[in-house]
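Handing you a structure now.
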């Protein structure tokens, strides 16, 4: 091993480090480590003066390796790598020792121990840095088109922002129309403005935007590649309707004899035909045949739609299409799913006729809904005299979802208002905590308080129709502990609305896996940083927006959508991006082809070369996790920058004071031979 | 916490404290450790951490090396299952650690000395608890001092305890 | 010009290596012709004093087989090192401790207890144990001191070359001898053999691996053509230096690992752990434990030949109450089910 | 379910041969039909019922643990108790001993006095219903039905004990007995009070309270036109059956609501005779109710508005 010339710089970070760690002694001690030619301590290494200090020494003392002991590499590694590069030293020959977050800040009461630990971290870095090899970052070109998955309000906004900036966008939506949940609502809180009125124009705009290719009734099947260069395979399911001919006149569904419950758009409260357009303002306007319920597809006869279609657009033979697109960035806006209240049987949904889910009630209040906006019981005619609204159904409940669904309180207030507006029923609102955190929300709550809604604080135990006391017969009884008066109460009502929580899409985990991003146990996608980067994911080039990242309301989804668009636009205008060259490499000369590593790679970057009988890593696909490196039983896979040698050396370094020889002897691989 | 006397757990510590080598994954647990610092949580100064990209990179050799070089324990921490930045590296770590711990048990290394845990980037508190808990576990077990075992291999003087036994045997 | 001088010595080993030397068959005569054998107690009547009589470095090549288990072994190791120009650790015992090294799972105390007291076949009413010195009318009898721990040769003296194998294959013995005769020596400290693993020489078809459970050799009759590991049989071939020609896999049983770890590997066991655990087909702690339960005595499998030269070298010796004793942990550690959450 | 017999250690408890002998005898027949093998544990003692634990915990735990240690001597790790109280006590103490080392130590000291020891985690305590649902399985049960209980409207009554303290079934609104009854062909009514209190030993302390609790249950079952209540707990059965006259007397009601054990109904469906199953020994006779069993399957119970009503809104199907 050639003699490296290592420079070490210990940062005071004002008092942040120096207040606890004796930086001078660390730096003095470090000076005596093998191959360390200079060791300094300085007030603020990240300051321009601190950086110049490093650059100067590299030039004048001919340093071949640099260690800075300061804060977390996630903070300033890029800073000092750049400094090294400016002085002509390969930036990957730099190593950072974290003596702030990992030492001074966490051991404020034990200065000696903190100082010892700092020495250990520095010694580890000094040993490790000498084993590092120079690397060159990969440059990836950013393809211009962007893929947006999910045509809800968040996805629509991402698409519009990018398209308006003049770049091509593919908008993929699973359902026959874009619009998402917002299209199901009648009013939006707290302003109570008409949901359709504000959403429809946006749907229309994105649907007719020259830069937007809309792929509805379609799903992503495969994603390959990396930031800037994703190849995506999409299945465009057959509508059985030729959209070139269809005018959306509606003749077909008005003639369709098959009537089924619409569990998607009408939330199960209404019916639709087998060939249908989800809702009047649907974009695109074309209908789709649901072959499950279509009499022709089930029984082989009918074809009513085809007979009556004036343009002959119905095409029973139409097949799914598969298209492959090349995009530079991907934004996931796959939204949420409503908690299925039947999972809490004691609340009676699915058992007791007059227990409704929040989405059912949204449809009920919607002028174009199954009841034309009338608030009625399950019989479809009787107006309720009393209505109970139950919060946190499937939210803030360790049996189902620990998280708060964020929107239910406001939606419940909206419902309370609408019931008051449309009926003269008494409204009882059962809440745990009233969470009205955004602009004008608390004001809306005040307004409801004055409208005479009865707010009862307590989690409901059960909803039952087992009458016990006089006046309960024929009613739904809400059993609850009123925590403000500290009493059990039984409140008989005609109608119960369950404010079901927001859950991730049931296939969220598969989606996350498909796109190679992280996903919480619950199924919400994981952002790169919970505070500072809630838009990017850990996978470069893949961003998230809207409720797929966590329960959120419309304004927040719209904002996050715009933010995601901004991030994508930044990359597009850069045109290219540097990718860390941390990759695995197989020494084919020495690979014995045991194929242990073959199916370990989450990115299938390892291919087996049959004729040579060896495995090979495709650097374009490899993301450098190193799991194959650790698995290789013949140790012929090397993980760049986290090499076997560098980590073994670092272990010896951090244990300098524990090792028999006080950590002075340096041996990288072979065991020492017993001295004679 | 103020300076700790580890002899309360086990008198064998004398004037030194337990030393744990930590292998933290770049994406979750290392950031959790950063967050613990930013939040000014405190935990015993027993952990000396080494950053790896993913717990999937953890070659069991590193753990053995650390024990051999004088560590009293090794803590490996990664992202929660299902949250691995590389999708499944932490599952591989889970399996390797399971097999490693079984092997080490046969070599007389108590399983508590080699632990695996998870902490997401947002869980500085969990990181802190884990280090504190593990430190206590190891404090109770006492020093590992593998070198003593190694030195027993190479008795330089004929005045071996075993040999004296034999003499008076 | 005088023939180069050859020494062959046998420390803690089974003697198989001695036979392996003869396994070069008629070529042994060439060896006999090529060399002047100055020390080979196993086949000719040599004594220690004969070696002592030699000048330092007078032996050109010394093939040292066997591990270091007693003070006599160590003494001879030092002596032969001093007398030899080239000291070769011949065979797995000298190279990495081999089967004798498995004694490092216990210690002297426990071994003596079992062998001289508890063993079912032992009849020893007076509880006699071997002594290093024992006075008898004729004078004092001595025995080598028996140590806690078995060591590889290079843990006692520096070694020039290693010939792996239990025993080494004849072709490699010849290769070594020829190299030495021709003076074309590889760099000091190198292992004479391939630096790829047994898989490279193994004719079985290998594909991607997913292990649902392990089988003991008696539990199944493996298929002749597919990778044994894929059939759930433990095979150390993936982590074992090639050179034997994959003898065991070709006899339809798993490689045991007698050629030791591959080039650059420090701890063979660690490599097997890393590799095998990777291809276990389970993600739930209880499933993982269930599969691992089908692989009893993992340390025994992973360190069958290399325990003495592994990173930890032996079972822990704790110094409690003065006398060191080996202490394995009784219970098999289980995964914490919370890991799944 | 595989054909070879499922083997369990069996803790009958005090009621199985006395107040609930009908339960006991029906279990024997059902086991025979389902291939369940129960090995009664040697020299078992009282489970402490619901009172002892509240009087003096440690002796109570030791009393219960004694049964666990005896059970551990059988050649199985599965311990089944048909009585909810016995189940809960055994289950609870098994759990506590696993959870609290020092309790474990104390209890084992007590056991040691009798030359016994119990290693927590050895026995897996199960209620009979759980065994039938999980180990035998609905399908295997359905396969053995020869005389389906078509048209019989049963109110599935779980009582307060078996789904607590922790259980893989929903403690608020369990449905596994419902499903089991459906598989026998019976019509299961939605029974909101299925886990409400039967009064337990309140009958001995405050009759008013106990009878009111029973009235609610009987009333609810009656309201939904149940032919009978099916239960899985000797105490529930005893209360609702034996005290029904007193309830009627106190509230001037006229309930005639037979209360049978689920194993009795299983036995019937499997084709055993009524007296083999101890039917007839109940105080409120079930004979009238059982005569309503018809040849034809009945419409499933759905309390949604009728389909023909054109205004009616669709109702989500039950999960």
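Residue numbering begins at 1 within each chain, and the chains themselves are lettered A, B, C and D in the order written.
The rule is simple: a residue touches a chain if its C-beta (ideal position, glycine included) is under 8 Å from a C-beta of that chain, and two chains touch if they have at least 3 such contacts.
Everything quoted here is computed from the prediction, not taken from an experiment.
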| item | value |
| --- | --- |
| Touching both subunit A and subunit D (chains) | none |
| Selected pair, greater C-beta contact count between A-B and A-C | A-B |
| Most widely separated chain from subunit B, with each centre as the mean of CA atoms | D |
| Distance from subunit C to subunit A - Cα centre to Cα centre, in angstrom | 53 |
| Rounded Å distance between subunit A and subunit B, as computed from the means of their C-alpha atoms | 33 |
| Distance from the mean Cα position of subunit D to that of subunit C, given in whole angstrom | 63 |
| Separation of mean Cα positions, subunit C and subunit B [Å, integer] | 29 |
| Where subunit D touches two or more other chains, by residue | none |
| Overlap residues in subunit A, where contacts from two or more other chains coincide | 521, 600, 627, 630-631, 648, 674 |
| Sequence positions of subunit B contacting 2 or more other chains | 59-61, 65, 80-81, 88, 92, 96, 150, 154 |
| Set of all touching chain pairs, with the criterion as stated earlier | A-B, A-C, A-D, B-C |
| Residue ranges of subunit B in contact with subunit C within the complex | 59-61, 63-65, 67-68, 80-81, 88, 91-92, 94-96, 98-103, 105-111, 116, 118, 144-146, 148-150, 152-155, 158, 160-163, 165-167, 169 |
| Touching residues on subunit B, where the partner in the complex is subunit A | 1-4, 17, 19, 21, 27, 30-31, 33-34, 36-38, 40-45, 47-54, 56-62, 65-66, 69-71, 79-89, 92, 96, 120-122, 128, 147, 150, 154 |
| Footprint of subunit A on subunit D - complex, ascending | 170, 172-173, 175, 190, 192-193, 216, 219-220, 223, 303-305, 309, 311-319 |
| Complex interface listing, subunit A residues touching subunit C | 521, 590-600, 613, 627, 630-636, 648, 669-671, 673-674, 676 |
| Complex contact set, residues of subunit A against subunit D | 261, 268-271, 340, 342-346, 349-353, 357, 370-371, 376, 378-381, 462, 464-468 |
